[in-house]
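I have placed the structure first, in the form of structure tokens, so that the comments after it can refer back to it.
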Amino acid sequence: MQLFGQEHALLRKTVNQIIDKHINPYVDEWEAAGAFPAHEVFKRFGEQGLLGLKYPEAHGGAALDYSYSVAMAEELGNINCGGVPMAIGVQTDMCTPALARFGSDDLKKTYLEPSIAGDMVGCIGVSEVGAGSDVANIKTHARKDGDDFVINGGKMWITNGYQADWMCCLVNTVEGAASHRNKSLIVIPLDAKGVDRSTKLDKLGMRCSDTAQIFFEDVRVPQRNLIGQEGYGFVYQMMQFQEERLWAAANSVRGLERMLEMTIAYTRERKLFGGSVLDNQYVHFKLAELATELEAFKALVYRATELYVSGKDVTQLASMAKLKCGRLTRELGDWCVQFHGGMGYMNENPIVRAYRDSRLVAIGGGADEVMLGIICKLMGTLPKQSKGKSS
Amino acid sequence: MQLFGQEHALLRKTVNQIIDKHINPYVDEWEAAGAFPAHEVFKRFGEQGLLGLKYPEAHGGAALDYSYSVAMAEELGNINCGGVPMAIGVQTDMCTPALARFGSDDLKKTYLEPSIAGDMVGCIGVSEVGAGSDVANIKTHARKDGDDFVINGGKMWITNGYQADWMCCLVNTVEGAASHRNKSLIVIPLDAKGVDRSTKLDKLGMRCSDTAQIFFEDVRVPQRNLIGQEGYGFVYQMMQFQEERLWAAANSVRGLERMLEMTIAYTRERKLFGGSVLDNQYVHFKLAELATELEAFKALVYRATELYVSGKDVTQLASMAKLKCGRLTRELGDWCVQFHGGMGYMNENPIVRAYRDSRLVAIGGGADEVMLGIICKLMGTLPKQSKGKSS
Amino acid sequence: MKFTEEHALLRKTVNGIIDKHINPYVDEWEAAGSFPAHEVFKLFGDQGLLGLKYPEEHGGAGLDYSYTVAMAEELSNINCGGVPLAIGVQTDMCTPALARFGSDYLKKTYLEPSIAGDMVGCIGVSEVGAGSDVASIKTHARKDGDDFIINGGKMWITNGYQADWMCCLVNTVDGAPAHKNKSLIVVPLDTKGVDRSTKLDKLGMRSSDTAQIFFEDVRVPQRNLIGQEGYGFVYQMMQFQEERLWGAANSIRALERMLEMTTDYTRQRQVFGGSVLDNQYVHFKLAELATELEALRALVYRATELYVSGKDVTKLASMAKLKSGRLCREVGDWCVQFHGGMGYMNENPVVRGYRDARLVSIGGGADEVMLGIICKLMGTLPKRKKG
Amino acid sequence: MKFTEEHALLRKTVNGIIDKHINPYVDEWEAAGSFPAHEVFKLFGDQGLLGLKYPEEHGGAGLDYSYTVAMAEELSNINCGGVPLAIGVQTDMCTPALARFGSDYLKKTYLEPSIAGDMVGCIGVSEVGAGSDVASIKTHARKDGDDFIINGGKMWITNGYQADWMCCLVNTVDGAPAHKNKSLIVVPLDTKGVDRSTKLDKLGMRSSDTAQIFFEDVRVPQRNLIGQEGYGFVYQMMQFQEERLWGAANSIRALERMLEMTTDYTRQRQVFGGSVLDNQYVHFKLAELATELEALRALVYRATELYVSGKDVTKLASMAKLKSGRLCREVGDWCVQFHGGMGYMNENPVVRGYRDARLVSIGGGADEVMLGIICKLMGTLPKRKKG
């Protein structure tokens, strides 16, 4: 009857050992540098078989159900920043699911297996400057030329973008078809000629994550790099989003818990008017309220996972978990900074890093408002007519 | 791995049959009358073995784990008012747990068995005019006289108070002891001489629930009516509260779902500016947001139940579930009324009844603020010194 | 906004009436589900309080709108929301258009006795199928000789059972667009064909008589038309502006009293060896709500000041109404909460306040209608219909 | 609050400086982590803008506080929060006590050049162990001959690296209770023993130089004492009142600009075949935030009006500060949100606004400190210490 058992506990332990020994001691350095060594770090996880938990053994995976991915996502929250966990999540749950499910054997051998092994770093190319949440509206396109695709356009906000070896890239390939049927997913090796990733993005948070803007100018890629069927890119991507959302929610749990813990520890030790800050009922009651929301959020993630593992479609619950994640992160982050007083304004303070990093969760991977739209659709409350905006 | 199975489904069906046939057709009448026939209604449930799901078979119970109580609590939310479910909850999860666990065989035979059978109606006497949340501070006391207790004082906000046959009553029995060790639970037959329940309370909602103020003047009760050990009343009551809270949270789930459903149905049908009210993004997004909170709340109730059934102490999670229940009910009720427009101000409208009824949940059975205090205590954030109020 | 000695005097007069002639009877009226409007209005009319802003020639006092705001504030010293609402309907909802656009005949026959407190008026806009969406009302009048013949019905009509006349919005022009086919007509409510027998049972505002009114071939002389035919929608929109400002002003003191009651109760109520108020969670929350209340008050005063100085304050008045509605929901909820079990007893004044104040966000243009208006005035509403 | 032609003129002058001499350089200053305070202050000093409320004999303009509020509003047209904050420290945080209680010598030496824009001042209250809890500061001065010898340190000192002098709160009286043992002393910051080498890396307000300053045997003549010894705490509390009103006034336009940016961006940004702004969820939320902003503005104006007319507005000013802090948190969060991915890019003005505005709830008395003050003035704070 319990979602997690002994094996999950073991997995969690392994993950935390890597974090304690090979990651957390270096995070401050990486944050200052604005990047972390993705290949080196991924290899640590790959060696322990942690990058393919849910993938078939034939490709180096562990063939475990999704509850193990959730357990790992939770533990990654123990990393002292948001950038590294996000990079790992991109590798395991954002750029590889479609490849693993629909890719040809050749593609899987060339890109999935080394990614599971930790020898390659992948990234996912969906968002563009003019199309963040509105995936259907992307402009990057590929035309066929002989056995190749020739790709032009560009992608924005690409996590792992500077270091990645390959991108799972959504492009328009079918002219004249409706926007849900003209797209394809193509694997692009990022050392291909015509790939320009020289623009560095300066972000509010996630400082050690390398987030790139990438331009494609006549990038030539063999047609066998197409994932699955042509014209199915949008559908594959929508399926891929489901795990991405559940992963993002699971990954946030521990991070939020740690923000609460930091705030309790700081306010307990901080003296004010002859007592501790924490002694103020306003403070400990508010923290209790946030802890309650956090438990509700966590329970929602677990419930969605449980149903997903048992084979149910959890698009609605996963979207709700992602929305609740965004909402709670905005509220909890704000209060934790607040209760740190002046220290809550100092960039070096871990709570400020967590505040800046976590602010992304309500924006990236489908903003809160996108989740609202999806939930409405699944509840059957979205107006039929165009967009249902306003009166 | 699933909390609920086939047997739960069967149980839910039985409960709903009673509701559809014997309860909902009469609710409007009972609401107008300010009372419902508790003995008659309870008998319906007793006949199906539904009043003793968790109690031993020896006493007429079904000896099922607590997940069945939760399933039943959920379904009771299908009743078209809050008063009747609350009355049943008092019988099954508020006035009987201590009796079942600590009562003598004689007491159980006399009071528990007929209550499980639906032949007797019970109530729980804790709150007093001067002591609502602050249980330790009650003033009602019993002194010994021969083989009897002689009880004086009074109880307030007693659900089932006018119709109940007996009360599980918390009184001070030990003079001079600390307030956590001077109390006992005593079963008081409410037809005893000196019991005055003539004061009718006019409530905002829960209109068909008979809520009494009860006075005791030299009420004589045999000492064998003591539940368990003398001086342990406070402790027993605290234990009893745990199931009460989980029950109240579970009972709210379906009620909240129905409020959302009513609001979706009404706003879908209601025309405004050439479309439906629901077509407004402000409306369907807000309803999606509330539905998300509701799923998080529900997941929290299920998770607490699962852990409770597996033998864990869930005082903190149950208190969180109760708090979240109160918070969400206040918010969701307010918005559902709002989206009903002028109809949301008409007493006869089901949404207004639900709004008035559900407003109690954040006040009764330990107000939101009491839950906050308990959660803080269990999180270890409550100040040691007196009350931790203020600076 | 600077209030003067004269405002202070006015406030005192209003409170004198309330203390002596109203509050002693409110509980009785609440239980009865109505209050004697003619009797009560006469008390105010005798002191010249029902026509503060109207011209002296019609019995008014010719004062600027700040006096109306001051009076609206004080009316909330009444121990319920229903009576102030009834008075507001008389002074700021059913009479502004009549005073501004009505013929001399109409003003003599309906406005003057209403200012004097001899007549009770009501405003007929909402219908079962058209609450916020005023343009879509269905009640219509056709001409027959010198008369209008009116058919249809009105819903949620405050003062409806007792009123002598209604300022009624009806469709009179066939074929014109919804904003140009309406007229305001004064309907005497003792006319044949007016049926007001349906009693509405409301969550709050219990002492206010809120009627559903049906019209079946109700015959009214055409001279009862206010201003020009086809301008009813426009007049009503103008009339709404004062209604909203009045509503926001009227809520200030009501909110303040709920906070006072809650402060008093929690101060006196003992729990865990101290008062409930001693809990930081409680006094901080009350401080936060008091801050929002001061913001609302300042907003109402600022809107009033600009209105008095001749500015168009449709946006600020709508904002004040929205803020008032939001705050009524929040303050009411918390005040009930901090009363604990007593906060669930109908007889408790705070519960009455909670039930009464809940109307503010719904009546007179719901919060969402205010949002729409504000968006329109901010230029952020999409041009296209339905997104 | 009625603003006159003169206020309008003042606003214009301020904006002239901003447009020409400040905004073109702000990005550069933000990147550098500081701005040239002396140069910038001189621009304002030359126009008489640093002493609006101070007596003419010291170079001030002798105007009532409404002019200061008007200027505080306009300063937020600067494209960052750091520069306005620095100016506010000069005009409303480190000089009020000096101007009111300082000796002629002190005023001539420090106030006059500060008004002229020749000197930069800062205010030294907070310490590492004492942010909101002013009474518990540890920095102390002992007398030695005609001097004070100061030891300790100050934290979060705006203008700290560039300032010529500090209005510094220190303990001077041994054995007295915490409210009677403090004094305000002017400390010239080029004095031996002053160490300001620690650079603070802040979430926002990047162009503001915020210093941690250490004092080791810093010798200052006793005539640098402001007013009476032992009155430092009281003076500082008085000084806080103007600081808070200034802070609230300064936030109005900053919030307004964030809303404007967001309206513009969402109007231009296309999604699902329409603009982001066309979404009702978006334009309604912006309308709601605009309503709260108008409430804040009205509250600031009302507090100013009462302050100018001689009333004690400690409560209203604290409420305005609290409301301002709350709103900065809420507006900032939503404006970032509605910018989507662009709302996470540091170079985006709305992100700067978000990071800068986040300070309002923390600095100059955190929201929770305001709540405590309001409770105290409402009479709801428990008498007993610690519950």
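A few remarks follow.
Every chain is named by a letter (A, B, C and D) in the order it is written, and numbering of its residues begins at 1.
By definition in this document, a contact is a pair of C-beta atoms (placed from the backbone, for glycine too) under 8 Å apart; a residue touches a chain by one contact, two chains touch by 3 or more.
Predicted, not measured: the structure shown is a model, and the values here were computed from it.
Comparing the chain pairs B-D and A-D, the larger number of C-beta pairs in contact belongs to A-D. Among the other chains, A has the CA centre that is most remote from the centre of chain C.
Per-chain Cα centroids separate chain B from chain D by 52 Å. The mean-CA centres of chain B and chain C are about 39 angstrom from one another, to the nearest whole unit. Chain B has its Cα centroid 42 Å from the Cα centroid of chain A.
Multi-chain contact residues of chain B (touching two or more other chains) are listed as 272-273, 275, 279-282, 285, 369, 372, 383, 385-391. Along chain D, residues 274, 278-281, 283-284, 368, 371-372, 381-382, 386-387 each make contact with two or more other chains. Those residues of chain A that touch chain C in the shared complex are 280-282, 285, 383, 385-391.
Per the touch definition, chain A reaches chain D in the complex via residues 127, 130, 132-134, 136-137, 156-157, 201-205, 271-275, 279-283, 330, 334, 337-338, 341-342, 344-348, 352, 355-356, 359-360, 362-364, 367-369, 372, 386-387, 389-391. Contacts from chain D toward chain B in the complex involve residues 279-281, 284, 372, 381-382, 386-387. Contact residues of chain C toward chain B in the complex are 126, 129, 131-133, 135-136, 155-156, 200-205, 270-274, 278-283, 329, 333, 336-337, 340-341, 343-347, 351, 354-355, 358-359, 361-363, 366-368, 371, 385-387.
Remark: chain B residues 1-3, 264, 268, 272-273, 275-276, 278-281, 284-285, 287-289, 291-293, 295-300, 302-304, 306, 309-310, 317, 320, 323-324, 327, 369, 372-373, 375-376, 379, 381-383, 385, 388-391 touch chain A in the complex.
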